[in-house]
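By letter and in written order, the chains are A, B and C; residue numbering begins at 1 in each of them.
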């Protein structure tokens, strides 16, 4: 168990009393990462405990900063299309996500 | 592809846009309401997607009943306006791509509405500080969005800092999402806050439910023994690949850090907000005039400087959801009125008779006063530049530092923002200056002794990414104007 | 000798630098800030490939030599001007276009423009293999135009010039038939000579000083992509570009010009349209520019465009710059009308104007650029 970084409440502890969810799987840099339907790509990545997934030209790590589509820090490649804001793109089961600098 | 010509087009389905579309529909206008997101609500009512129902979602929200009443309207979702073509004498032509965010081969649609209501909202202004580009540093809005729409807490030991009442609901959302909050730090001192919020208390009577809201947040903090400190700011974040600690310090009334007051706190996330920036790309492209704060100038009916273009909500000045709702109703009625009556009778009607009741106007005025206090109490003061180092990144995208800006201004002697942006690359990256634009302008203003072309960071003719193939395929019709 | 240069764009900067180095007391005025107009809105072309034999090509060849010579002089204590001798690759996409391109390159060779027909894919692996001919022009180069302008101004200042930003030229100071200075927004300013180097606004400034000059804005629009790994190595353009540059048609013309920048973005042009100082960005123009670029580089289809911006080129009816004294008003000089080639032509323009003003034997024949040349004369009305 990590003791730092993004956290989630279990369904029983969540005051919004969540209903059932449907699992989805993204392929992130070749590895399966599980999330639930309705999440954004950034939500799936953060939910899996991943804080960063892009590096700048100067090699600095970046992930979500603004979370509402403004800062463009969270860009990923989705199904071979580069420059997609992870915080805005709804994750679809089976999506292939490539992080790092686009080729 | 044909050009669609609805009576009223409303861009943005947050509180202002929902209220505007609802009011215009009730007034009998044919309305198209669109939003770039997958659902209504905007940032204020950002909520769980339909695929993730929750029985008690309202515990994360204020005004949820109001939202429930407004959200049933027809809404064009995933609709990104990428260009507003200016026509000075009438509303702009809006070019829209409908499909997954930043996708390819989205469906193009073009609108030439008889009246346009811009309700595009605002995003956070975050001042730079050393280490603010480390992962684990978030805007407060990111924490809020992730909590409300993803049920993810950005960290386990989270510090919330910056300026303004927005810090409080963010802390509450974090608590309800399982985060530990180590403190809420407001940059302004008690004396400024007290002066702004206690002057002329009678004026605040009509908006007193807001005081109740704020009191609720404060109770949340007290119950969890979370300190709320004023006159205090995060002046640095530390860590190698992610934030592990911050330095906080006392600020003087002008927000300059007081030497000797620094202390270090261990955290795994920091959420920062220093205010808001109106999202004005489309308004600027349409030709709408802006005020000194970069907000769209409107008259009492929500009319901008361009005939047929109305604006409501945070793009007309930061005032919160209640003001946005009031402005939305007025702008929606005025737009419907203008679109459904002949040009002659519209001009004859002048500014008065657009079907707005005196009660609606009063709601707008009362909330406007609240917004004015917000600025007086929490507006950014210039001393913040004191916590910058020469190596502090200012433009996150291009990694341009405060020292680079200083050196660029000194080497060129230019007093041109455009030229200095090009020679330093500040504001030229993927976010197109949305995050750093005002900060870069302010810093360059100081280094040059005054910029001669200020305001340029607000101009972004492309309001969003467009793929080359989408551009090329767009079969843009000549207008039959 | 005191000289006022009106306009702190690249041409004004180059003129000021040459005059200051020749010993003149130079004051540069700009109603706004330096490098804020046309010079900040282009790609920074240093091209010879788009010019046929003639006076403009001679000016361009001389300019290229001057650019190479001044690089070490302006490099001190200044950000890089991103000079890159990347070469141009001109591509034809039809058989007729290929024949025309080959013939054009042959005539250029007689005038000193190096070129060779190549296999385009050897030089640009991502080029559309369907093209019909590709000609490589190794002399073509590129700079970052705003930084280059500031660097020239900084060097002018090192040689004693003064740059006054936010000072507008409002009217003439005259003594009899002679222009003796400028009435500015900051008061009267006396000078022995006044040089109008205000790009597309030169017509307006000339009029304020008492003469007409047929310089009009010709609109251009550029797309900027997000940063990508380097995939486009040269300045690549389609052979239609030469025709569009030389056209007098006021309506929209597009041709494809594609190149990478030092920052990793790709600049995609270009459009030409005469519609006054209308700054609006239109979907039909962006669409046409994008469609043409995809003909050259199909891989760009999925690339994100993050910015579009427009600018105004100083258009003159006979497509030649105006450089030299105005015979209608003693003391008035022009250095304008470079249309889309002001970045490259600035250096030799500064040299030629200085030659004429200080009485040095000119490096190039100034007659072709004279204000009262036969091809411009019909467009001049008596002052």
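Couple of notes before you dig in:
FYI, a residue touches a chain if its C-beta (ideal position, glycine included) is under 8 Å from a C-beta of that chain, and two chains touch if they have at least 3 such contacts.
The structure displayed is predicted, hence computed values, not measured ones.
Taking the mean of all protein C-alpha atoms as the reference point, the chain centroid lying nearest to it belongs to B. Annotation: B-C is the more contact-rich of the chain pairs B-C and A-C, by number of C-beta pairs in contact.
The mean-CA centres of chain A and chain B are about 23 angstrom from one another, to the nearest whole unit.
We define each chain's centre as the mean of its Cα atoms; on that basis chain B and chain C are separated by 40 Å. Centre-to-centre separation between chain A and chain C, using Cα means, comes to 46 Å. Those residues of chain C in touch with two or more other chains are numbered 226-227, 302-304. Taken residue by residue, chain A touches two or more other chains at 57, 81, 83, whereas all remaining positions touch fewer. Multi-chain contact residues of chain B (touching two or more other chains) are listed as 102, 104, 429-430, 465.
Per the touch definition, chain C reaches chain B in the complex via residues 32-36, 40, 77-79, 144, 146-147, 149-150, 153-154, 157, 163, 165-166, 223, 225-227, 263, 268, 280-284, 286-287, 290-291, 293-294, 300-309. Residues of chain C touching chain A in their complex: 226-229, 264, 302-304. Put simply, chain A touches chain B in their complex at residues 3-9, 13-19, 21-22, 36-40, 43, 46-47, 51-52, 56-58, 60-73, 75, 81, 83-85, 87-90. Across the complex, chain B meets chain A through its residues 36-38, 43, 48-57, 59-60, 100-104, 123-124, 126, 133, 135-139, 141-146, 149-157, 176-179, 241-242, 244, 268-269, 396-397, 399, 429-431, 434-435, 465. By the touch criterion given at the top, residues 57, 80-83, 101-103 of chain A touch chain C in their complex.
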